[in-house]
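Input: one structure, supplied below.
So that you can tell them apart, the chains are marked A, B and C in the order they are listed, and the count of residues begins at 1 in each.
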């Protein structure tokens, strides 16, 4: 009896050792996702513009579209996404543990995250910076006025440290009120718990437009830190990282070429332009060599449209905030969004 | 029949085998999980290393008891978070016990309006999630209190606003240390004095008055004799907020309120059933001795009810401590918040969660240990 | 959160019927000066609160509005928002056109639960048998309704489940799973074998000592570390397991209380009849012990029902999560009180009914008169 127990225990121990052996096998993320048949993507539960539910319970938003684009590229179907809603604080641990394939949480691109934490950034898909919004009645008009302020910020990101560094360097003090849920954070700011609320400029603009009296609030013109954001994947599988980065480039490239959700099918079948044909996978074998279907770009654009369309839908002309493209315009138009040459 | 089979029939042997099996299974499961963690961590090119605790944390914390500043180590930050968690837990436990006792008495009141309202209150707080109540109290605190410019001045130099309660901070003087030491000694002496007076059967003046005078008077006299004039910083509204002062934040107040209100609802019912569990004859006997209602409660009912109340109340104290981890939902800087920022900064999720689990576990076991000691003391007194 | 558990795990002793019953309601309201003062104060308070509520909800309430801004003008209750969003709050992201399915499933479940909780039905053999058949059938029906994919119902994956049905599923499946484990743990903790006792005690104390938030974080975010690579498990299932382990610890303590209440003579009698340990537990000891702890078990269920609100942190849109999500769309930004008040009332109504039942059961089982 005892021997049998010992044997069983040994067998279980052996399983543990097998775990060690598997440690050596290089992960093949594309295969894993295909075997699973669904793309797992970490998004916010409720940050309007980035990821939220519409009245019919569909998840919509800028980040959500990047998840769908990935699913379209890898699985050929933009609807095969399993959204895992999470807070900023849970994002990186969930990604690193393998719980999700990508997080689209508008994470700021930093050297530490890229080199130390083992992450690969996509994009940046949104160029911006951290700014402050204040109650006009406080009389503050510039960053130097904020000494001693109580500042509402999203918990679990790097905003804490960025403000801390900025204030310490200028011998200024502040009191943080760190909240996980952004809706709650803006409610607290509006109620006057905080003098100041901080976030990236587009998100501040979006939120201000919905405060009770938008005119009572001022977004300070200076940014205290830059924040160029994008979805993030683990950096332990180069082929997969490439796919993630090139999905973004494909979206930008499609805008540069004038390919939209509406005309993509027609372009693929009718266009004679070899550049467009190559891009859409009608010619050449770019997709196959990446480990994807050759027409993956068509699938991506059919699912979410090009970069300009995504931006317009959630931030731009078709959204409530009507954010100008600014830095996020195509490089052709003087912005920072660009795509490498597609060949 | 073989020897092995007879051996199996002996209960002692059977028990030993079952136990060995169970131990082996549990051990194997634990080893399996440990092996998986090691394998997965290696596979992702990570490591498990608590060395990050010595690194510099550069986030601002808000209120903390131990003087953490950005630039201190992560370890200091964790200690600051722990101090905040413990502060809420200890204050919460004390206040909950008081509120619960009052609620229980209200429930038992002869005034039926009072007892009915207390019942409705208890039902309402017991039957909605704590998380919801926490959000509610937080909103209520912030919406009720005025902005800093319209702050209510409760006492000279003490202001209440939606930034919290601020009061003057005194600069440390040697005389204060002296006074604190005197206070400790005086309290000890007062306790002994009271025991003596009780044993001799003195009147209330000697029983209560004298020790109280001693406990408060001695340090005050000493302080007055030794101190230079008091100087401190009076809160002043400068720029946005009151500066140069100690503050209690609305988050702290809201968290404490939510924990106390919620937990007191449960504890009140425990205390009530404890009181009702005291045999009626005891109360009648006390009444026939001519004790007033309050005296009956204090001298006869409560001491006996304690025997029934202490074990369940212990688990309620544990719950309160654990529930304080919801603080993170409203931004009170407790242990969970520190681990959150640390994870965001260093990516050390496994390590931080391990610390979190171990700390809460030790807090729980420590509380349970203290309460068990108290329970044993009660049992001994009961004889 | 776990306060309900703690309270439930310690067998509450119901009050003996108090003698004051025979004075009418007014008795004790004005008999002494302090009492009269308290009464007057309370009446004044009630009137003040009543007027304030009436003013906020009815007088200044807004029934017709398209956006949060229009609603904010009077500063009253925004009924228009609830009218627009109640289905999202109740059913979360479940496909809009299919929401009759979870609704029907909830009704079925409530009926089943209501029927099984009537002690009258437990006594008779025939009704017990009927219940025994009704349970698997109803559960199969509920599963078919929710998942779909049969009888022409479109399939709905579990990640789209949400709102009240999700809260109910989490609580009831979690508690059922916990129940089995809890019995074993309770018996183990009272076992004569020191190793078994140590294992069970360790398990119980561990799960009672750590916050549920941390457990759910482990289950949702760090789970992949604990299993071999590429093992996957549905998040819903993981949450269920985390809940089951957590509640099992509390339930085990409640059951242990019931076991302790069984007179030693019963054990001796079993032994003298020559029953084995398991026979004795199954036929004699457990039926008696469990009977006495049913009210505590119901209380644990209530606690579980409320505690499921913590799944908000692990990607699930339960009732509270759906309330969060209901203000997501731009036109309703800035609303804060209404969704939370709405779900608070739902929690309150359901939990109050269950706790009233638990009190009634206590009285009926005559636990107070032991």
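The rule we apply is simple: contacts are C-beta pairs under 8 Å (C-beta built on N, C-alpha and C of every residue); 3 or more make two chains touch, one makes a residue touch a chain.
In this text, all values refer to a predicted model and were calculated from it rather than measured experimentally.
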The pair out of A-B and A-C sharing more C-beta contacts is A-B
Comparing centres built from CA atoms, which chain ends up most distant from chain C?
A
Taking the mean of the C-alpha atoms as each chain's centre, how many Å separate chain B from chain C?
26
Between chain A and chain B, the Cα-mean centres are separated in Å by 40
Please work out the Cα centroid separation of chain A and chain C, and write it as a whole number of Å.
37
Would you give the residues of chain C that are in contact with at least 2 other chains, written as numbers and ranges?
217, 221-222, 224-225, 228-229, 312, 336
So which stretches of chain A touch two or more other chains?
15, 18-19, 22, 27, 93, 97-98, 181, 184, 187
Enumerate the residues of chain B that touch no fewer than two other chains.
20, 36, 39-40, 43, 135, 139, 328, 349
In their shared complex, at which residues does chain A touch chain B?
1-2, 5-6, 8-9, 12-13, 15-25, 27, 88-89, 92-93, 96-98, 116-118, 138, 140, 145-150, 155-158, 160-161, 163-165, 167-168, 174-181, 184, 187-188, 191-193, 195, 234, 236
Chain C-facing residues of chain A, complex:
15, 18-19, 22, 27, 32, 36, 45-46, 48, 52-59, 82-87, 90, 93-94, 97-99, 181, 183-184, 186-187, 190, 207, 210-212, 319-320
So in the complex, which bits of chain B are touching chain A?
17, 20-21, 24-25, 27-29, 31-32, 34-36, 38-40, 42-46, 58-62, 70-71, 135, 139, 142-143, 147, 162-163, 238-241, 243, 250-251, 328-331, 333, 337, 340-341, 343-345, 347, 349
Which residues of chain B touch chain C in their complex?
15, 18-20, 22-23, 26, 33, 36-37, 39-41, 43, 109-114, 117, 123-124, 126-132, 135-136, 139, 262-263, 265-267, 269-270, 272-273, 276-277, 308, 311-312, 315-316, 318-320, 322-323, 325-326, 328, 336, 349-350, 353, 356-357, 360-361, 364-365, 368
Can you check the complex and tell me which residues of chain C touch chain B?
1-7, 9-10, 12-16, 20, 25-29, 31, 35, 38-39, 42-43, 46, 192-196, 199, 205-206, 208-214, 217-218, 221-222, 224-229, 253, 302, 306-307, 309-310, 312, 320, 336-337, 340, 343-344, 347-348, 351-352, 355
